[in-house]
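Two complexes are shown next, each including chain A; its partner changes from chain B in the first to chain C in the second.
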Partner chain A sequence: MINFFDRLMRLDRRWIFLFLIVVCIIAYVSDFDVPIMPEREVETIYEFVDSLPPGEIVMIAIDYDPNNLAELHPMTYAIVEQCWRKNLKVLITSLSQNGPGMADEALRSITDSLAETKTYNGQVYEGREVVNGVDYCFLGYKPYFALVILGMGQNFRLPFPEDYYGTPLDSIPMMQGVLNYDDVACVIDLSGGNITDYWISYGQNRFNFPLALGLTGVMTAQYYPYLGSGQVFGIMGGLLGAAQYEKLVDNAGLARDGMRVQLPAHIVIILFILVGNIGFFVDRRNRHRAEGR
Partner chain B sequence: MSRTAVIVFAGVVALFVVSWMVKAMVLADVSETNIVDAFMVTVAAFLTLAIYSFLYKDNPYYKFAEHLFVGVSAAFWMVQGFWTTIVGNLLPRLSEGLATWFQQPYQGGGYDLGVFVFPYSIMYWIPVILGSLLLMRLSPQGGWLSRWPLALIVGTTAGLNFVRYLRSDFIVQVAATFVPLFGRDPHPWQGFGHFFSNLDLSASGQFVALLSNWVIFIGVFCGLIYFFFSKEHTGAFGKASRVGIWILMITFGASFGYTVMGRISLLVGRLTFLFRDWLGLIS
Partner chain C sequence: MKRQVPLVLVLLFGLFMIFQYFVPHESSEWVYEFLLDWIYIIGIFALALGIWSLYVVSVDKVKTRKHDWGYSYVTLAGLFGMILFGFTARHGDEWGWYLIFVACVLLTVIMSVQAMAARINKGLPLGLAGLFLLGAVLIAVFDDTWSFYFYTQEGLQSTMFRAFFDYIMMPILATIFSLLAFFIASAAYRAFRARNLLASLLLIAALIVMMRFFPYFGENVGEFIARVSSWLMNVPNLAAQRAIIIGVGLGIVATALKVILGIERGYMGKG
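The block that comes next holds the complex of A and B.
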């Protein structure tokens, strides 16, 4: 047994990588379901959006780059489709430089999905055409997000005189009478970087609008204090948060698919951590014995 | 170049070409630009595998993918910066001619001071000059000039952030730690008898609400003690400090767990691409 731990401590880390990737691939191509239990901080976002009357505007900030796509894109799909199925209007910005193209592609994809009649949570939603300028307005990207966030607090037209497609905001039907954050029901920031800090300190702190966050896993723990203080009303953390939201809206997507891999991968990593720690303590005890202590 | 390296390179090229051809044939029915699409998908798959090959050991394919990524990212940022900041924001405010040249709506005008109209464009020459001074960093003689705009940037950012963060990250956060330890609405404290006879262990119940408030109180208190170095960490003070370090470790553990999830999520994203978009093994 001691020999086993000794050999384990000297194991080439590449075997661990190989083992983990094999487990992930097997889990990925297997067909099984992982139970998802939505947490309160995710439910609050769902309930807030679900309770809005038709015609209200939800502002979604797609502030992530392609490298965060795997975690945050499922959130975009789930929330935007929920909004459109509930006949809410969506105002979209992308304050990350690499975000607009990706956001535009996602919007087109969700628009296609809306054309089909679907049943979510037992309710049938007839397929319909989503019209740019009526159902949504995509403002696009502007540099220096702190100034853009402050500018939008005065008037969306200050940083964005035109939308992403070059249409003046004043000639967009959805934007008639929509001046600033006072005219949106909430802001949901889906972010993979420090833009979130600016949405909190320059946006919510200054203009006091309801703010919810969709974050990458790496960032999530850092932002829970803002939930406790009431500065944000909900947090979706990483792929798990996205999967929980997909469950709440009853619209299974890539996040729930991904949780099939997360579960065995986490089990493997926990096992390796346990075995590694046991090996460390056994090794230390052996060394102490050898030294006569 | 060793013989093994040549064989591996030839194998990679052969696999690339085969993948491109097969993918082009598969896409022929669904896309008119199937050859280009197939090439892009194959390049993306090659780059994905090249990056993951680092897990085995550092190699030229990883280096190529890494350098390509850095180069493309830098170029993309520079082009985006030019078109969104200089062309999108600055030039339309400087000159009507430049705005017309870049097909941007002219955003000129001026403040009417009664006697004369003070043109906006004069104000925007200030960032032009400061921006140019930043580039002086490249000059060995005039490098010191870049410190002026840098000082302005640092000063402005510090001033703006101080006020904002003081409220959002300090005052509000400190206020959030002043929590009632014996209940309030919707769970007002009515004595231990009432508490235990109506014990509710649900997430929205009084017990969990009180427990989380106590965790916040003890966590903040002991965490602060751990960082208080003016008194030796012995006795009760030392024990509180030990609790503080445990609180910190649990926090770091939660962050680590989320980080693992984030990294596995990225792997899932690439697996989805490889198995669905490249190999077409899953729908």
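The block that comes next holds the complex of A and C.
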């Protein structure tokens, strides 16, 4: 037994990698569904968007790179589809370098999905065509996000005289009479980096618009103070947050699917922590005994 | 004089930026917007400098045969390839000489690196670079199956640009990031130990917060864990994060004042 714990303490990390990948593969090919219980901070975002009347503009900042694809892309899918199904307009901006590619990819996929008639939360939504400039306006990317956020507070046309596709904002139907943050119902920042800090301090603080966040799992705890202070009205944290949102909009997608892999992987990590600690205590006890002799 | 002018400029612009934040007057806004434009202009020069720097570093790696020097070619081919695909697009489904044009440009870059890195016999790579460049220019002039687009809808919808982004860039970056899970598992196993009281508290708190996501506990246990984890996030975590944020905020103000008043001069290259 002592020998077992001794070997456990010296376990090569490649065995850990192998064990984790085997668990992930088994979980991925197995057919089961993880029960999801939405948290209050996710529900508030859903309820806010759901309560908006048709025609309102929701601004979505796609501030993440492909690194955060697994956690944040499902949030984009779920929120944008919810907005379009409810005939809300979406104003999209992207303040990270690879964000426009992510937004472009998401817009194409969601546009395809909208073409089909689907039922969400018991309500049938007829398939329809999504029109650029009418249903959404994609502003694109500009460097120096702090300056862009401040500039948009005065007029969207200052940092973005044209949209991503080169069309002047003034000739886009959706942007008629839309000047700055005062004309959008809320801003939802989906971010995998410190751009969120700037949306809070330069955006929400200065221009006082309702702000919600979609963050990677590791970032989430860092932004709870803003939820407590009311500067942020909702937070979706990591893949679980995305899965909770998918559950609320009744649109199971990549996040619900990803949870089937993430949950067993987390359990494996917890088990490794517990086993490592048992080995540590046994090892310490043995050393104390040996010193006592 | 060389040191005083930058100090005066920083003082003036620093004070103005503080002033304009609290004065939303039309003229103040105009100056502010004018200064924002300057930041973009300076940024564009920085971008060009960055590309040039990457090119020079790559040449140096090839020249001195540093570890993994061969990847420098891949880096430069990726950089210039993506720039090309971003600025060019085909008109229809025909390929024409498009891919040969791209190959010619990339070979020009590679041959120019080869020429700069070579200690002797620079003539051959230089001649080849010139030849490939000539080929690229001729194709650009005479091939009408594709065109250059600078920041227009056609350029941004380029199939090659999208394909490279969707099928190469996205999977590569997502894969690299997902490797983190394996390192976290290994690190957690080795380092997350209850060595003393504080480490034990951290370990217990982490386990509770992680377990709140576990949906298979019974109703009572699940609710208890959810309540405890919610308390952990909203009380101790919130307090610690607020302290950090306030500390960082005060630090930023102090550093900004030191820069504006000329006490901190690191940005000029010397302390």
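A few points about this structure:
We take it that the second predicted complex is superposed on the first by the 292 of 293 C-alpha atoms of A that agree within 3 Å, B and C clash if a C-alpha of one lies under 4 Å from a C-alpha of the other, contacts with A are read in each partner's own complex, and residues count from 1 in each chain.
In this section, contacts are C-beta pairs under 8 Å (C-beta built on N, C-alpha and C of every residue); 3 or more make two chains touch, one makes a residue touch a chain.
Worth saying up front: this structure is predicted, and the values here are computed from it rather than measured.
When the shared chain is aligned, no partner comes close enough to touch A:Gly292: not chain B, not chain C.
Within the superposed three-chain model, A:Gln97 lies in touch with chain B and out of touch with chain C [touch as defined at top]. With both structures placed on the common chain, the touch criterion links A:Pro225 to chain B and to chain C. Once the two complexes are overlaid on the shared chain, A:Tyr165 sits against chain C while remaining clear of chain B. Looking at the shared chain after the overlay, A:Gly122 reaches neither chain B nor chain C. Contacts of A:Gly276 after superposition on the shared chain: chain C is touched, whereas chain B is not. In the superposition on chain A, no contact is made by A:Pro53 with either chain B or chain C. In the superposition on chain A, contact of A:Ile267 is made with chain C only, not with chain B. When both complexes are overlaid on chain A, the residue A:Tyr28 reaches chain B alone and has no touch with chain C. Judged by the document's definition of touching, chain A residues 17, 21, 67, 69-70, 98, 142-144, 221-222, 225, 228, 240, 265-266, 269 lie at the interface with chain B and also at the interface with chain C.
By the touch criterion stated above, chain A contacts chain C in their complex at residues 11, 13, 16-17, 20-21, 34-37, 65-70, 98, 101-102, 104-105, 142-144, 147, 150-151, 154, 158, 164-167, 221-222, 224-225, 228, 240, 263, 265-270, 272-273, 275-277, 280-281.
The touching residues of chain A, counted against chain B in their complex, run 14, 17, 21, 24-25, 28-29, 40, 67, 69-71, 97-98, 141-144, 146, 161, 200-202, 204-206, 216-222, 225, 228-231, 237-240, 254, 257-258, 261-262, 265-266, 269. Taken in their complex, chain C has these residues touching chain A: 29, 33, 36, 39-40, 43, 151-153, 156, 162, 165-166, 169-174, 176-178, 181-182, 184-186, 188-190, 192-195, 203, 207, 210-211, 213-216, 233-234, 237-238, 241-242, 245. Against chain A, in their complex, chain B makes its touches with residues 55-57, 76-77, 80-81, 84-85, 88-89, 105, 160-161, 164-165, 167-169, 172-173, 175-176, 203, 216, 251, 254-255, 258-272, 275, 281-282.
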